[in-house]
Each structure stands twice: as C-alpha cells, then as structure tokens.
Amino acid sequence: MSFATKASAILWKDVLSELRAREIVTSVLVFGLLVLVVFNFAFDPGSGTMAIVGAGILWVAFTFAGVLSLNRSFAMEKENSCIDGLMLCPVDRQVLYWGKLAGCFTFMFLVEIIITPVFLVLFNQSLWMPRLGLVVLLATVGFAAVGTLFSALAANTKARDIMLPILFLPMIVPVIIAAVEATGIVLDGGTWSDMATWLWIILAFDVIFLAVSALVFEFVLEE
Amino acid sequence: MAQMEDIGMARRGGFWDYLVLGASFILMIAALGLVFLYVPTEETMGVVQRIFYFHVPLAWIGFLAFFVVFLGSVAYLWKRNIAWDNIARSSAEVGIVCITLVLITGPIWAKPVWGAWWTWDARLTASVVLWLTYIAYILVRSLTLEESRGARFASVLGIVGFINVPIVFLAVHLWRTQHPTTLVLKGDLPPTMLSALLVSIAAFTLLYVALLMRSVSLRKLEFEIKRLKELVSD
Amino acid sequence: MEQENPSSWAIRCEGLKKSFGEQHALRGVDLTVARGECLAVFGPNGAGKTTLIKVLCTMSRPSGGGAWIDGLDIRKAPNEIRRKLGVVSHATFLYGNLTPAENLRFYGKMYDVPNLENRIEEVLDQVHLRSRIHDRVSTLSRGMQQRVAIARSIIHNPSIMLMDEPETGLDPHATIMMRDILDSINSGDRTVVVTTHDLGRGLELGDRMAILHKGRVVFEAPKAEIDAGRIHELYDEHTRAVVR
C-alpha cells in the first residue's frame, strides 16, 4: 500500500475517533466563538477601524482555537501509547507526519469554516467571501505544518498543554501578520493585487515549513 | 553514557582561552574608551545615543549566537555527538542574555530620542521573536524528562526557530511599509562613529567567543564528572 | 557450541547498551535466540527487561553495541524488521474511541496485510473475542483490551513476537484466557521473547531462560538444564550478586 493510502488511513482514523468523541468540534469550536465574542467587547471596533481590528479578532480566535485542537491531536496518541503502536508499524516517519498533518489541518479548517460565517454576521459583512476562504486555507496549512511538529514535541514534555503555545506561537508570527493584513484587505474590499504580497508570504511560509517540519519530524518521535 | 567526542573546543585555562579572553578584554577597554571619550556627542539625540554602540553589537551577537545554535543543532541531529549540543546550548545561554539586553537598551534609547518606548518595526519585532524562541529553546530542554531527548527537542527548535527569524523580519518589514512610522534610523555614520562601532562589535564578538568557550568547557567538565561518578559507583 | 552463521539466529545481541542520560538500563547485553525458540526473560524491576524489548522492537535506539533481527541490523533496516515483529506490552496501543474491528483495520492497513477483513476475523477468533467487537475499546475490560492488543500484534503474521509482561494486570479469569492464547501463539515456528515476573509461568512457556539483572544477562540456560523446583533459589542467587 502506498504512502498516500497509509497517510489517509491515519487521517481517517483521526476523523473516525473525533466523530465518536466530538471533542474537538464541540469544545474547540465553542472556545473559538467565545474568544470572538469577548475580544469584540475588548476592542469594540467602530466602523472606521472595523476592517483591521475585526481581522485581528478573527485571527486571535483562530490561533487560540488552533492551539487547542493541535494539543488534542497528539494527546490522543499518548493515550494507551498509541504513538508507540504507530512507530512500530513499518512505515516511513514521513507518512506519520503527513497523516497527522492532514488530521490537524482538517480539524482546524472545520472549526474555522464554522467560526467565519459567525464572525461575518456579527460584524455585518457579506457572507460571500471566497478570497477570505483562500487566506484562511493557506494560513491554516502553515499553522498545521508547524503545529503538527510541535504538538508531537510538546506531547513528550511535562506541562505539555502550556508547552505547545510557548513553542508554537513565536513560530507562526509571520503567518499571523500576513493573514491579518490579507483579511483586513478583503474586509475593506481591496483587490487581489493588494493582497498578493501577503498571500505570497503565507505560501512561502507554508512551503518552507512543510519541508522543514517533515524532515525534522522523525527526530521528535524517536526515543 | 554517550561519549562526548572531543571536537576541539579549547579547554579552560588553556592557551586559546586566555588569548581570546585577553584580546576581548583589551578590545572592550578600547571600545569603552572610544565610546565615552573619543566619539563626539550626536547632535540630535544627545548623550543617550551612546547606547547605540552597545545596542548594535549586542543585537549582532544575539543573532550570531542563534546562528551558532542552528549549526550546533543540525550537527547534533546529524552526528549525535553531544559536544555539538553543548555548543548550541552554551551559545543559547550567551545569546539570550544579549537579546535581553537589546530589548532593554532599545527602549532606553528610544524613549528620549523618539518619544516612544517601543515600536513594532522589523528589527525589534524580530528580536522579540528571537527572544521568545530562545526561551522556548531553553524551556523545552528543562521540561523534557530525559536528557538526550531534551537535546533533540531543543535542536529541532533551534532549526525551525532559526529559519523562522528571517521570515518574521521580512513579514514585519512589509507590514511596516504598509503602515509607515517616522521612527527610522537615518543617514550614514561619520567615520569616528563608524570606527567606534566597529571596535565595539569586535570587542563583543570576542567576548561572545570567550564566554562560549568557557561555557562549553565547563559543560565538558560536568559531563566528565558525571561519567567518573558512575564508574566509581558501579 | 555457538554457530557462527548469523542467519540461524532470529535475534542476536552483542554488547547491547542503552542509557537514558545518567540512567543505564542496558549495560552490555549478549543474547541469542534461535528461530522457533521461546526465550523467557526474568529479572527484578529495573533490570532492563522493558528497555531490552523496546530496543529490540526498534522503538529505542541503542546507545552502544549491536542487535540483529533475522540477520538485519536494527540500526540500518528498521522498517523491514518491524514487518517481522509482533509486540505486546503493558500499553495496548489501541485507540479508545474506535472499536476493536476498526483498530485492527487501521493497523492492518499500516502493515499492508492482504485480505484484511478475513484476517481480522481470523485473529479475533484466535483471541476468543467475537462479542463486543463493535463496541468502543474504551468500554471494554482490561482483559478484553489485552486480547485485542494481542490480536493487533499478530495481524500481520509476524515471525517474531516480543512480549513484555503480557499477563500483568489481569484478573484470574482473564489470566487463564491469556495463557491459552499465548500458548497458541507460541506454537508453530514463531520465535518468542517474553519477559515476565512469574518464574513458574516463564518456565512453562519458554524453551530457554535468561535472567537479566542491572542491565546484563547474568544467567542463561535451556529449560532441560534447570531444576523447576530450584528456580526461585536460582533466581535469588543471581539477582542478589552485585554486578561488576
């Protein structure tokens, strides 16, 4: 069976597990929505500053929710030492990376797909925003690329829940900057060319960190 | 216990150690002299501008040290010789002190000159991210149960973190051009200032090397002590 | 009489070492296990039994020395080795939210098991688990979970089994069931290494015994040469001595 089949077996396993437990989608989703609401009160975006402040609020919500769902990804593997079970399988460590990455991405994106329309409604924006969808998609790939690596790492430390944000957040600063800018432009009604630079930055980040994380992943797993 | 294969960092009290320490001392005295006695006071910013001659070298060292962390991390993951991890770790110790000083001296300089403690420009933001990365590098090691695993995790951080810094710099730089501020360092440096700066940079670089060598040889000694303890207690 | 031909050994260790920082779990283990043989490994807590299993199953990298499984170096050919290994340990390696069938299906795919659905039924039969296979693993008793874990470990029909105290933590009824299952796994030409606290049980299962103490093999002999009545004295004798 090929690389892709095994990686998708891992993805499917995560999806199935989540369908049964419904942990990520419920708790992470609720948390994300709460952040959205609370930060709205904290920043109270008036109509003038709406675009950029609103964009910031959205990405804060995504970042916090993202950290939670990443935590869950490898915490699940720690129970019953499933991660050891995976490592016993005759598969390249890369397969494990891409499989878990697919799972992390899927859950983060799912939560974001639900939070975004809520955000747009709360901030009185149009609901049809494909460009926003693209920004969210690309940025989430970056989050997941680095997040999967650090989730595996943090899961093997003490204080694993706090370790992940400490490790992860400095690394995704470029993505957050670019995503917030791009989102602000979209909400302001800017053009594709206005957004282009930011999208390129996110894309470059994605490519670089997918490559680096995939290469370094095996060092995190081994004992 | 894993052998720490010697990769030739000079030992404490050896010839190179004293040479580097001595040279660094001399250069530092020279730098202090130049900075406080020789260089004229800058007209717009006043006396506080002299912090610049320390702030810049410290920033340079902070980033150089992380480059060394990166190299050490790659070498460690590749060769599994703990001596490389030692170098990375020691470099991180010096580096974080430097960046902390950068983050302290920066605002001290900025406030009287620009009227603001802080600005999110590319250099300062990259420094903050670097500082956070250093913290993570050190923390991950202490929070991992087993030493060689901690070394591996820290190495991963060293590699990913190092690649991240230029990207942060680029992103913030672009961000800043969208939201320009007036807080820009302008102009060429007159020769007196340039020479003072260069001497200062040289002095700090040598100091970094001296501290690095000392820290590495100290770790080597600790390692050796542990090894001997085990042989005896066996 | 040691045979020098490496391919006659299923497992061979030479001076195998593993340290965790300052803690030395294995200090030079020399061991050979012939094909089809069952080796029972005894030893007090902290002797290094679990670590030995972990290094042999490629979970842990050795710090020194060498080990070969079916002639393959564990440092150089880990994936080929993993294909031949079935591992049973304290942890079950099972996903709590999935059913036994789903767990087996997942691992079956990861091991490239042909004819997977039939094979799943086969192994579940072998561990006497026909009911409750569509319930989540987290709802099963420890004994049942352990049985599913064993099914998982043999799904790819490995030629070598490594078992780390497989009967620990089970109630008497489950223990009896486990014995039957282990006996059936042990038969045939599988090579088995099993670590255990239970000296009597180890003697039943194994063709050869070894005692591990402070990271080294301090005693090794075929079952025929051991007086079953004296096994406890033998054990005490070898685990009291200070190892140099």
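As written, the chains take the letters A, B and C, and residue 1 is the first residue of each chain.
Convention: contacts are C-beta pairs under 8 Å (C-beta built on N, C-alpha and C of every residue); 3 or more make two chains touch, one makes a residue touch a chain.
Quick caveat, the model's predicted, so the values are computed rather than measured.
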item	value
Chain contact graph, described as a line, ring, star, complete graph or other shape	complete
More contacts between chains, A-B or B-C	A-B
Chain whose Cα mean lies nearest the overall Cα mean	A
Furthest chain, CA centroid comparison against chain A	C
For chain A paired with chain C, centre-to-centre distance based on mean C-alpha positions, whole Å	39
Chain B and chain C, separation of their C-alpha mean positions in angstrom	49
Between chain B and chain A, distance of the C-alpha-averaged centres to the nearest whole Å	31
Overlap residues in chain C, where contacts from two or more other chains coincide	none
Residues of chain A touching at least two other chains	222-223
Touching residues (chain side chain B, partner chain A) in the complex	77, 125, 129, 132-133, 135-136, 139-140, 143-145, 149, 152-153, 155-157, 159-161, 163-164, 167-168, 170-172, 174-175, 178
Chain C residues within the chain B interface of the complex	19-22, 24, 63, 244
Touching residues (chain side chain B, partner chain C) in the complex	1-2, 146-148, 226, 230, 234
List of chain A residues in touch with chain C within their complex	1, 5-6, 9, 12-13, 16-18, 20-21, 76, 79-82, 84-92, 222-223
In the complex, chain A residues that touch chain B	146, 149, 153, 156-159, 163, 166-167, 169-171, 173-174, 177-178, 181, 197-198, 201, 204-205, 208-209, 212-213, 216, 219-220, 222-223
